[in-house]
Every structure is written in structure tokens, then in C-alpha cells.
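Every chain is named by a letter (A, B, C, D and E) in the order it is written, and numbering of its residues begins at 1.
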Amino acid sequence: MIPLGHFVILSAVLFCIGLFGVLTQRNAIRFLISVEIILNAANINLVACNRYLAPANAEGQVVSLFVIGVAAAASVVGLILIISVYRQRKSVFLDDFNLLKW
Amino acid sequence: MTNSFHFVSAELVLALGAFVILMAAVFGMERRTLAFVALSALILAIFRLPSTLPLGQSVLGGMVVNDIFGYGMRLFILLTVVMVVLMSMAYAWPQDEDMGEFYFFILIATVALDLAACAGNLAMVYLAVETLSIISYVLAGYFKKDLYSTEAGVKYFLFGALATALMLYGITLVYGLYGTLDMAHIGARIAGGDVQGPALVVAAVLIMAGLAFKASLVPFHMWVADVYEGAPWPVAAFLSVTSKALGFILLVRIFFSNAVVMAPFWGCVAPVIAILTMTIGNMAAFHQNSVKRMLAFSSVAQAGYIFAAMALGQVGLTAAFFYIAVYAFMNMGAFAAAAFLSPVNAQLEAYRGLGRRAPVMAFLFSVFLLSLAGLPPLAGFLAKFFVIWTAVEARDYILAGAVVLNSVIGFFYYLKVIKAMYFDEQAAVHDPRISWQGYLLVGGCVWGVVFLAIHPQAVLDILALMFV
Amino acid sequence: MTELVFYIIAVSLCAFAFLSVTVGDVFHSAVCLTFTLLSVAGVYFFLGAPFIGVIQILVYVGGIMTLFIFAIKLTAKIGDASIRQFTRQLWPGAALAGAILALLLAVIRANAWSLRLLPPVQGPDLKQLGVELLTRYLLPFEFISLLLLAALVGAIVIGKVKK
Amino acid sequence: MPYFLTAIIFMPLLGAALIALIPAAQVRSIRLTAVAFNTAVLAAVVVLGLNFNRHTGLMQCLEDRVWIPQAGIHYTLGVDGISLALVFLTALIGLLAALASGGIVKRVKEYFLVYQVLMTGLLGTFLALDLVLFYIFWEAVLIPMFFLIGIWGGPRREYAAWKFFFYTLAGSVVMLVGILAVYFSVTPHSFNMIEIARSSSMIPGGVQAVLFLMFFFAFAIKVPVFPFHTWLPDAHVEAPTPVSVILAGVLLKMGTYGLMRICVPFFPAGAVLFAFPLAILGAVNLIYGAFAAFAQSDFKKMIAYSSVSHMGFVLLGVAALNVTGFNGALLEMFNHGVITGAMFLLVGVIYDRAHTREMSAFGGLASVMPRYAFFLTFMSLASLGLPGLSGFIGEFLALAGTFFRFPSIAAVSAIGLIALVALFLVIIKKVLWGKPAGHASYPDMNAVEISVMLPLVALTLCVGFYPQMILQFQTYAVNALVGLL
Amino acid sequence: MVNIAHFIPVFPFVAFWLNIIFGCRLGVACAYVSVGASAISAVLAVLVFMGLQAGGGSYVLTPWLSVNGHPISLGIIVDSLTVMMLLVVTIVGTLIQIYSIGYMGGDPRFTRYFAYISLFMSSMLGLVLVDNLFLLYIFWEGVGLCSCLLVAFWYEKPAAAAAGIKAFITTRVGDTGLLLGILLLMSVGHSLRFADMSVISAPEPLMVLAALLIFMGAVGKSAQFPLHVWLPDAMEGPTAVSALIHAATMVAAGVYLVARCYPLFTAHPLALQTVAVIGAISAVMAASIACFANDIKKVLAYSTISQLGLMMLGLGAGGYTGGTFHLMTHAFFKALLFLGAGSVIHAVHTQDIRAMGGLFNKMKVTSVTFIIGALALAGVAPLSGFWSKDEILTAVWQHGNLGLFIAAVTTSFLTAFYMTRLILLAFFGESRGAHKAHESPAVMTMPLVILAFFALFLGFAGSPWAHHAFQRFIAPEEGEVALDLGMAVASTVIACAGILTAFLLRGKFLGYKEGTCALIENKYYFDEIYDALFVKPFHRLAAAVARFDQVRVDGVVNGVSRCVQELAQASRSLQTGLVENYLLAQAGGVFVLIVVVTLVGKLCHIF
């Protein structure tokens, strides 16, 4: 039997990998990839906890569906924004987005 | 009848309005008309709000809490969005494309804001915040030919994506702790002693990070200046007033129903955050040459003052929300006046000598700035006064002192703008032309700033109902 | 046995995830992410939520990843491996992520989670999911359509180029 | 007369509203309107004085309306012997400075707009009896002053304006915290200054000491007390003449008024505790100001530093904590307003002609401008405390009060008396005496300038000869104040 | 008739304002306003004198001020001392003003001069009339002011301007002492009325201190050692002013003050002793300086200091009548001397006696009257100076302190000596200047003659032939007084000795090489010492304070502002514009928050 804790740990590891990516990726698209990892970590939590803690309803699963939807929406907007910046400065690197500072 | 959608009829009206605008925009209806549609949708929504009466508890599966706080906040949000729309009407847009969609976004964002303000479920909170965020990213990058605007959009997105992701993760942890996302249930569990120790702290801090991002509290404020500076003026106003207010509203919704979890947070950390927020905001605003960027940092500092009141716990909520109400008027007024006076160039030099070329608007701008600075007898002073009042009452003299010292520093950069408008010789001539909507908006804001100074009970009485 | 499968999925999931944020090439990174997402879908299956797993594959792998690949291809010229992929704060970032991981692990271990075993009852099935989606979660369900519409319109507004 | 004080306070604001309606080009009517409204204020204050009951220490013409019930903030106004003279002074100096604003030719409309707002703030400060209201008026003075110095000032006006603004602001915000602390220290919680003074014994001694210091900090900057005085010379030097007059004549009194209206009655234990340091500060102000003034080369700066010195007398009088000292402090406030106001007017007169304030550029003016010489000599003598002129009475009473409490400090302060004499005689010598060089063509003072000076001269003489003219109004109030100790 | 006394100062005061306001229209007529006013005052003074009852009286005009619960009323005291002073001031003042019409004729600020003189008259009369120290102080400063203004009357001359200021500041030093004395007396004695002086009871040391502080005022005003330095410089003013203010009246106010507060001093021997010693020092010192001075006015100025010292010595030795008597006689003959000197200066346009000579034949009236004055001053019997000086010598002798007596005698001797020297050099011998001297107009000589009359005969008021009328008038309670014949003879001998010595040495006066007696020639280096000890340090201290103010005090202020600005700059640079930094801050913030909240929670036992 796998305890819930292992799912949570899995999710935490995934969360931190995502976080690591978010903090260190220079390429905006890879940043987005990292964010997706975090969202998936959250989803694992939701689904696992739903199964273990509140199997009577499907709250966690429903929310995880929402999260997938939101992730899709966010990725679309994010990528479009990145691409529109890319169109202007031919770069998707975070350290090139530095017109606005101080 | 607790599942009837009439509880969100105001939001339905808005969504309907949004669709109409989208359709109309597709058929090339001009901006002004669309703006009026948006305005009427908003006003209709305001008039639909009373249909949720009488106030009760959770409705719609616990997604919406039909309480006085939510009611008031929805009204507040709708009013501020009306101001944003008015501002967008009067603002001389440097580019005139996709304006139909602009109002569509604004209305959808308003729906999200409204739902968030009366959310009873963490999932609803997340969805609404994320929706608001996504729309805000788009709005911030709305001038897609403008390097600054797109950069603002993408920066906002990059920062916001992490913030909302963190919040989501926090929410899932809460779900993991209590097996439910219903805030009333969670609150009851915690109040019943089911405090999950450090795990709940982690979850709470993560959720707070997402909200603090909206409210622009240190260290989640870093995006503010860059985004405001790059975003179109009305968007910056929207972000600084409505979106920021949502952060505080949700902080209250989530953290104040069960203060025990965050007791150490509110006791020790929140005051520090508040002090840091106001100090860093003020300090960074100190030397800005761009009025827009200065106002951005000023809004960070203002958030610090608001949060200072909140940091004092339940007793500070009245002060905090009085501040938010006043802040809405003065900050909106300041952004609007600044935008009207110099629509494109936000550099301080562009404001030089405006005191003579646009005397009325420059004067009103000064009023807003001084109110933001906290000059008696304007409402901004009373707002700060109540914050300090609460702090002193709570014997938190350090916080009171910090607010007071910061307000001194604040005066400097606000006055710098006033100085530029009145002391300095005028810059290259451009006479700002301001439409009646502009005067209506700014006049309304001035009315608010003055009225709330003379008759603050108007708001205080309502707040008393909310936070008893 | 099933446990072993889970751990294999879990380990590969972590490995792919880690690879996707460390490999030099963006495209490879996206491929790794695809595998990560698939593994997550596997976890969902394992947790008795096949519908979520299917949706995961459909939306993520079918939709989002396609989007990513498009984006990567659009920005291909700068996507090659010779370009630095990490920001200057690699080590601070790594340290911070590590610290947070340690923190999370400590918190999780301290919590009752580690003791919580699978309850004997059946988990929610698809029907239940559907019912909840259309009753209790009707408002967010409707609302998310607004979100998606807004995202769509937003993407169009930002993305369209006037001649 | 219900709302008479309200009328007095807001009459200048009404004037501002009217001025706002006049087109900016009609400079003459703007000036006339400003003068008319200030005259009206003065007339109203005179009426107030005539109806004033001199035989009570209680507040008169009380107005009290609830403003913000949630916070216990009221709109409370009242006048007693302590404030009456200062209100009169404000109205008088306000009128005279408005008359003397002829030199302002730039942006006249805005000037008078701001000026009128300033007057409202000043009058309100002296009449407010609710701490929050007091604070509001107190702060309301800052911005107009900032503008007046910053727009119509001299070459370094911006520096001076900033400095003035921030220095005073820093002090007043500390006071704000103090105000709230006082509110919560008395039961029932109250901002009403009469109530607080009545229940001051409720506040424990240690708290009183801290609160005293908080308020004192704010007032010390305004007074200004050494070492918080450095904004003063800068502000004075840069400010245009009428603004300097207001600044010296009225603005500084806000600080000393605060000491007497708030610090002493609210925190009697604190006042007793800090009386000695306060007296030392007074002596330091007196001597230091005189010495610093002596070494200046700028005429206006000399007068500015002499203000610091004179304020030392007021501090000494307050520190004495007895009837004589308080009487002296109050009288000295009034006299200093009149005399130093006149001095700044005189500096302005010569600046208008010479366009410089360097002492070395003057000399021999007595031969060229005999009327000017008369007024300058007269006012200098009043400044240095020549008996028979008003300055002396205030200084003497303050010093006497101090002597009864701290004889040693009074004795040390005597150095300041000598230094002041030296200072003003040297001013007379450098400006008026000697051979006229290169400025023989300066016209003597004109009718307007003289008409502005005459009331001040008359007051200086009358109060000097008959100090009861002012003292009679404050006797009971001062006795009541001492009774609180 | 006594109750009209308070009107006496009013007339000159009105004259002052008339002259100030209408001066330019009145022109020369303003002199008549002033003279008329003071003549009326003189008449009133005489009326008061005649109406004076024994012992005099005082009356209160109006309550004026209340200090520490003690009312200070506008009270008038009219007793013999006051009346004496009133007579002296009004008569001498009127005469000098008449003289001034001629002396100041043609001066561009003629009207201003008379305005000031009237103001002085009114202040001086007020000074002697008021019944308490506080009001006295007011007028005391008033006369000081007039002195200053009149010394600096020709303010175009730098020396005059400087002298005016020096006069005011130096006396102000003494006045500050007086003020403190008043305060002390008020706080320990609870009364400032002269009438109460004898009944004030307070701890001895405090009373001595009060008396000494009051005496300090007298020292300043009467130019006594060590505050005498201003008087010689004050000679920069018009000579008529010197006569009125710096010889006859104002400088005598110090003596008047001591006489007025005499009970205070007599009750405390230490105070009285101090008065005597200071007086003695001043008398001898000034007399010695006068012997070497070459400026006619300076000689007279030092002589004044010396004579005032003698009066102080007399008072200090217990000779109340002597001091006051000498005060009166001195006022007349010293005014005469000054006016004579003025007449001479008017004629020869120089003040250096070495450049005069042989004036006797050219200016008969002036010379004769001047010699009368000089003889009176020298104390040659039976001129007025003899009687009063004799009184003082007697008192000092009776006092018993030999040192003081020697000082008095020395002063007498030196006085006779330097006056003779002055006369010999100025009026006799060769005419050394290339000047065509002529007698002054009648308006100037007439006062000289009148004053000479007083100098000749006033002394008889205190002589046995008049039954010591003066003594009985001024101090009726002292009982019978008798002339000490021995002392009279001795005093005359001393005076004659001085005169004789001067005659013997007359050849050497002109050829005298400067520097022989450097110490005395340089006035004992008082100016230099004060310059080094007070004036320069004052300037240096002022400059240091100003610099300290600028650099340190203001530096701290500006430093704080700079600190804030630097901090602001630093916080601004936190905003790098790099999203990666923002993200790190965000995540780091989360981490720190979690850790801190958890730790705090644990510490507070919340979890």
C-alpha cells in the first residue's frame, strides 16, 4: 500500500523541480514548461488527496480539470506574449526583457 | 433557491455585456460606443446587485458567499471599474485598435473580480484570480507594437505565472490537509482546533504569496513598477486600484475568518512585510523620473499602509478598507489626471509648467497627489490617520512610527511632481485636451477625496457592519 | 507489484521533469515535458482517475504541447543548444529550490499524510465527476468557459498582425 | 455669535475662492480682493477682541460639532487669552503682508490663492480645540508655505522650500502619533483639548514625559529650537518679503503656541520634568542665535538668526512654568511677530532697491533714506529689547519668570542680551551709518511701505508703554494654565 | 505742587515726537520746540522744588505690570534727591540746548539732534522721577540709547559710529547686571520700590549680590572702572552732547542710582566698600590718564570719569551728602567746561590742545568761564567744586580707610594738575595753530556765563554761610553738619599744589616725548585688553558658531537627507528589470516567510 505521503512527496519533488526551472531558465518558453510542471504537481496533490481523503466526492478531480483548463489558457496567452516580444526583439530570453527597470 | 444564478446576476449582466461588445467589435463598432455599452453593462450590474438581497450564507454550491462583505466589495469593484472605463474613454489612446476587445476584457475581468470577492471556495478563488491574471497579462501588453507594453505584458505574465502557480500549490496542500476546498468548512475545522501545524503554514504562505502578488506586497511587488510603466495608463489604473484591492479582499476572505492559523504571521511577519512594503515602495519612488513609475511605486507604498492596518488583525480591517476606499478615489484620480495631462510621455519633464497650461487638471492632480501623500484635510490623511490610530490603539508604536516616517518620505516624490507642474518653467508646448468623461471621472474622484474627508462616516458605517 | 509500477512512474516522472528543465535544447526540453505529462497521466490512472488522465493526455499532450512545439519552432533560431539556457542565478535558484524541497519534505514527514493509506471505499467515478461538475461546480465550470474565451480572444488580439 | 470663529477661519478661504474666479490678468482686483478679505478678517478679530470676556480663563466662542463619531473627532473651536493675541497677530500680519505683496509680480493670482489658504491654516491652528483639527490646520500651513517659498522665492528657493517642508513635516508626524497616544491615554478617550487638559493627571508620569517629548519635537522644529533651527535661515533668505514676514511673524508662533497650549497643560508632569532642559535650550537658542546672526553677511539671514535668538526668550518663559514666564512668553510671541515682521519688511524695502542683501553693500543709508533709517532704527531697538518698546516687556517677563525658577540660567541668558544689542547695533551701523556709497539714488520709503510699517510701530510703542493692552486679555488664561501644574 | 512732577518728562517727550514727525517742516524752529519744552520742564521742576514738603513723597499714577504677583506701578517719587536731579537736568539741559542752537547751527541733521536731545531729556527726567528700579531701568536704557544715538550723531565718521556702538554695548554690560540685580531683588526682596529699599530683608549674601549687580549698572552708566572705556570714545559726539550726557547728567545717573538705593548699600558694608574701591580706582586711574591726554575733550572725559569715581568713593565712604553734592556741582562746572571746550573747538576746529594756545585773548568769555570751571573742578575755594569735594574728602577721612583717602587726595591733586595743564596749553602761550579763532556767538556764550555763575556760587548752598542748606535739604535726618576746617585747608592746599606743579612743569608739556609713560598714555591698555579679551573672541566665536551651524548642525540635517537619498537610490537599484531576479525574490520571500512563520509559531507554542 502506498501511503498518501508518497504522492504528496512526489508532488513536492515535482513542485521543486518546477520551481527550480522557473528560477533558473533563461528561455521564456522553458520557463513556461517549468510552470506547467508546477501545475502538474498541484494536480497530483488534488487527485491523490481526493482519492485518499475525500473519496466520497470528486472535488479534487473536478478542480484538477479546471487546473488543466486554466493551464491551457495561461499557456496560450503566455506563449502569445512571448512570441509578440520575440517579434519585436528576436529574443525569448528573460534577461533581454530589460527596457523597464529601476 | 440557493442554487439560483440570480445571486450572480450582476456578473451575468457583465458577461452578457462582454459578449455583446465582442460581437460588436467584430463588426467594427467604434470604441466610444463600445465604451458606452461597457459602461451601461457595469451600471446595470450595479443595479442588479441588490437582487442578491437578502444576504445569507453560501450559495451556488458554496462557490459564492452572499455576505455583506462580498456585497460591499462587489459594489466597490464595479464602481472602480466604472472609473477605469471612464478613464479609458477620456484617455487619448496612442493607438486605436482592438478597443472593442479591451472593454470585453475589462468586463470579463470584472466578472472574475466580483466572483473572487465573494468566493466561498478556494477553487473559485484560484479560477477567478487566474482569470483576472490572464486578462491582466493581455491588457498590460495591449500596445503590442510598443516595446514597453509587450515587455510589461510578458514580465507580468512571467511573474504572475509563478505567483498563481504557488498559490495553486498552496490550495492543493490545503485540500490535502482538510479534504475540502470549501472555505467555510476549512474555517470551521481550524476553529475547531484542527490546526495542521507547519503544513498549514506552508499552504497559507503559498496562498498568501499569490494574493500578495496581486496586492503588491514586498517581496511580491517586483513586477509592479515595470508593468505599470509599460502598460497603458488605464490598465495601470485598473491594476493599481481594482486588482490590488482584490488582493486585500481575498486576504481578508481567506485569512481573517480563521485568524488562529496565521496568528504568528499576523503577529510578527505581517507588520514587517507592511513596513518593508511601504518603505521600499517609498524609497524606490523617491528618485523616479517617470511619473508613471513613481505612481507605481507609490501604489506599492500605499499597499504597505493598507497592509499595516491589516497586520494589526481584525481591529485593523476597518482602517484598511477605509484606506482602500479612499485609495481607490485618490489613486484612480492621480492615474487619470496624470494620463490626461501627458498621455504618452510620462517623464517628469513632460509635466513641467502644466500648472499654467492645464490649471484645473493640474490642480486636481495635485490634490490627488497630496491626498496620496496624506496631507490634511484630504481623505488620504484620514485614511492614514485611521491606520496610525489603529496601530497606536494596539500599542504597536513601531508600526505607527513606520507609517508616519514613510509618509514623510512619501511627500517628497509626490511634491516633486507638483513642483514640476508649478515651480518649473514649462516644457515643450502641448496643451492637453480633456474630454467631459475625463472631468467627470476626475471630478468624481475629487469629490470622493473631499467627501470622505468631511464625511467619512459614509464609509465607516458600512465597514462597521462588515467587520463587527 | 502495483506499488513498484507507481514508484517506477514516479521516478521517471521526476527524471523527465528534471531533464526538461536541464537539457540544453529547448526542443528536447519540450519532449521531456511531454513524457513528464504522460507520466502524470499515469499517476492519475494509478489513482483511479482515468478520466483525468485521458484529459491530461488530450489537453496537455494533444493541445498544450503542440502549442509549445509551435512556439519553439517559431523561435527556433535561438533555440539551439549553444546558447546559454540558464540565467545567471542558476546556483541561487537551485539552492532555493533545494531548500524549499527540504522544507516541504520535512513538513510532509511531520504531517499525518505519510500514515494515510488508501481508504477502503471506491473513489469517485466519472459519473460522480460529471454530476459535481454540473451541480456544485457549475459556476466555476461556466466561468472557466469565460476564461478560455478570454484567453482565446487575448491570444488573437495580441497575436494578430495588422498589415 | 454662533460660528463666528468658523467665519474668521474660513473667510480667507472664501477670498481664495473669489480670487480663483478673477481672471489672472486683473492683477489689481486680485490684490484688492486679497487685501479686502484680510481686512475683513482683521476687523472680525477686532470684534472678537472687543467682545472678549477678559475675566475668565475659560474658552470662549466655543463651537463644537461632531465630525467623525467613530474616531471621536470633533470640529471644536474656541478662543481664550492665550490664543486671542496670536489670532490678532495673525490677522494683522496677514493684512500687512498682503499689503506688502506689491513686490510680487509673478503669477499674482496663484500667489494670493495660496496666501489665502495659508491664512486659513494659520488662523485655524490658533483656534482649533480638537487635536486632530489642530493637526489638520497645522499641516495645512505646510503646502502653501512650500509653494510660497518655492515659487516666489530667491535663487535657492527650491532647496529652502524642501528643507522647510520636510523639517516641519518630520516634526509634525511625530506629533500625530503623539496625538493618538494622548487620545488613548485619557479616559474617556478624547481629542478635545479642554478635556485632555482637565484629565491630564490621569496620564502616568512616564507616559507624560514621552508624550511631552513627542509633541515638543514637533513644536521645537517649528519654533525653531536649537538644533532644529537650520531650516529657518534658509527659508527666510529665500522667501519673498511678505512670506518672510508671515514666517517670522506668525508661523514660528505655532510652535510656541503649541508648547503652551498642548505640552504644558497636557503633560504637566512632563513639563516640570523637562523644564530645566527646556530652559537650557532657551538659553542656548538665545545666545547661539545671537552669535550665529552676528557672523552672517546676509541681512535677512541676520534677522532670521535673531528670530532664533528671540524665540529663546519664549522658551525661557515657557520653561519657567509660572505666571510671569508664561505672560512673558506670550507677550514675546506677540511682540516678536510685530517686530521681526517689521524687520523683514524693512529688509524687503532695501532689497527692492538694492537687489542684494549683503551687509557690505549697504552703509550710509541714513543720509539717503531718512525715513527708512527711522523705521529700521526703531525696529532694531525694539528687537534688541530696548525698554519702552514692546520687545523689552516680553523679554523681561520671560527672563523674570526664568529667574524665579532657574536663576542661573537667567543669568547666563544675560550674555544673549548683550549679544543681541551688539547684533542690532552692528546692523544699524552697517546699514545706516557710515558714508553713503553708490546708492545715493535710492528713493526713500513710499506711502504704501510706510503705511504698512506704521501699525507695527504703533503697536510696538503702545505695548511697550502699556503692556496691559495685551496682557489684560491673557491674565486669566495664564493663571488657569499655571493652575494646571 | 509735587503732584505735577510726572508732567516734567512729558514735555520733552512731546517735543521729541514733534521733531521726529514734523522735523523737516519745522527746520530751525525745532530747536525752539526742544528748548521750550525743557524750559517748561525746568519751570515745573522749580515749582516742584518750591512745593516740596520735608522728606518729599511719592505717588502712584497707575498700576502698570505685575511680575510674579508683585505689582509694578507707574509711581513717582519726589524727594530732595529727585528734585535736585530734576533741577540739575532741566537747568543744565536747557542751557546746553540753547548753546546747541549755536553749536549745531548749519548741521544737516539739526532737527534730528534736537529730537534726540528732547528724547534724552525726557528719559533722564523719567529716570530720576520713577519710584522703582524697574521703571528706572526702562529710562536707564532710554538715556543709554540717546547717548548712543548722539555719540554716533555724525555717523558718517566711522569713529563716531563705532563709539556710539561701544557706548551702548559697554553700558549694556553693566545694565545687564542691573537687570539681574532687579530680578534678584524682585525674587528675594519682593519689592523694587526705592521706598522699600531700607526695609527689604533677605539673606545677606543675596542682598550683597543684588546690591553689587545694581552697582554694576551704575558702573556701566557712570563709566567707572572697569567699564569706563566707552566714555572717552563717546567724545566723538557733538560737544554739547558730551556736556549734557557725558558730563552733567547721564553719567551721573550711576551715582544717582547708588544714592537712590543707598539704604541697600549701607545695610551691607561689603557692597558699600566695593562702591568705594571701584570709585577710588576709577578716580585715580582716570585722573592719571587725563594728565597725559592731549585731546581737550578726552581730558574732560577722563576728568569726568575721575570725578564720578570721586562721587562713588564719597558715597562708598558713607558720604551721602558729599557724593550727591558733588554730583550737583560737578554737573554745572563740567557742563561749563565741555561747553567751553565746544566753543574752543568751534573756533579752532581742532581738539588737540597742543595745536591751540593763546586763545585767551581771542576768546575772552570762553576763556574766563572755562577757567572758572576748571578752578571749580580743581576744588579751589570758594568755587562750587571746593565745597563738594571737601565734603567727600571729609567723608573718606572719617571713613578711616587710609588707602581710599590717599586715592581721593591723589585724585584732587591730579585734577588740579591736568586742568591747569589744559588751560595753560589751550589758552595761554603762543598760538600754535594756523587758525583765526574768534569768540563764539552770544547764544553759545550766554549759557557759558550762566553756568559759570553756577560754578562760582552753587557751592555756597553747602557752605556754613548758607547753614549747610544743601546738606539739610538732601539728608535732613543726618542732623547738624559742620565744616571740617582742617580738611578744607588741606584740600585747598592739595589743589594749589596741583596747580603749582603744573605751572612748574609747563615748559615740558609741549616737548613731552610720547612713550615715556606708555602705560598711562595708552590708558592702561584697557581697550587693547578688552579687544583681545572680549571683542575679538566675540567675533571669532560668532564666526565659529556660524560655521558650526552651517557645517555641523545643518550638516547633520543635510546628511540625513543625503542618507535617505542614498537609501532611495539603493532601493531603486533593487529593481533590476530582470524578471529572473524578481522571481528569485518571490520564491525566496516564500521560503523566508515559511521559515519565519513556522519558527515564530513554534516559539510561541502556537503549533
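Note that in this section a contact is a pair of C-beta atoms (placed from the backbone, for glycine too) under 8 Å apart; a residue touches a chain by one contact, two chains touch by 3 or more.
What you see is a predicted model; the values in this text were computed from it and never measured.
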Chain labels contacting chain A and also chain D
B, E
Per Cα centroids, the chain farthest from chain C
E
Per-chain C-alpha centres versus the global one: which chain is nearest?
D
Relative to chain A, which chain's C-alpha centre is the most remote?
E
Taking contacts as defined above, which has more of them, B-D or A-B?
A-B
Taking the mean of the C-alpha atoms as each chain's centre, how many Å separate chain C from chain E?
102
Can you give the whole-Å distance between the Cα centres of chain B and chain E?
77
Can you give the whole-Å distance between the Cα centres of chain D and chain E?
36
Approximately how many whole Å separate the CA-defined centres of chain C and chain D?
71
For chain E, residue numbers touching 2 or more other chains are 572, 575, 577-581, 583-584, 587-588, 590, 594
Multi-chain contacts in chain B: which residues touch at least two other chains?
123, 127, 130-131, 134, 137-138, 141, 144, 153, 155, 158, 162, 166, 176, 197-198, 202, 225-226
Identify all positions of chain D at which a residue touches two or more other chains, and write them in rising order.
166
Which two-chain combinations touch?
A-B, A-C, A-E, B-C, B-D, B-E, C-E, D-E
Could you list, by residue number, the parts of chain A that touch chain B in their complex?
4, 8, 11, 15, 18, 22, 28, 31-32, 35, 38-39, 41-43, 45-46, 48-50, 53-54, 59-60, 62-63, 66-67, 70, 73-74, 77-78, 81-82, 84-85, 88-89, 94, 97, 99-101
Quick check on the complex: what are the chain C residues that touch chain B?
103-104, 106-108, 110-111, 113, 135-140, 143-144, 146-147, 149-151, 153-154, 157-158, 162
Provide the residue numbers of chain E that touch chain C in the complex, in ascending order.
578, 580-581, 584, 587-588, 590-591, 594-595
Show which residues of chain E lie in contact with chain B when the two form their complex.
564-565, 567-572, 574-575, 577, 579, 581-583, 585-590, 593-594, 596-598, 600-601, 604, 606-607
Going by the contact rule set out above, which residues of chain B touch chain A in the complex?
123, 126-127, 130-131, 133-134, 137-138, 141, 144, 147-148, 150-155, 157-158, 161-162, 164-166, 168-169, 171-173, 175-176, 179-181, 225-227, 229-230
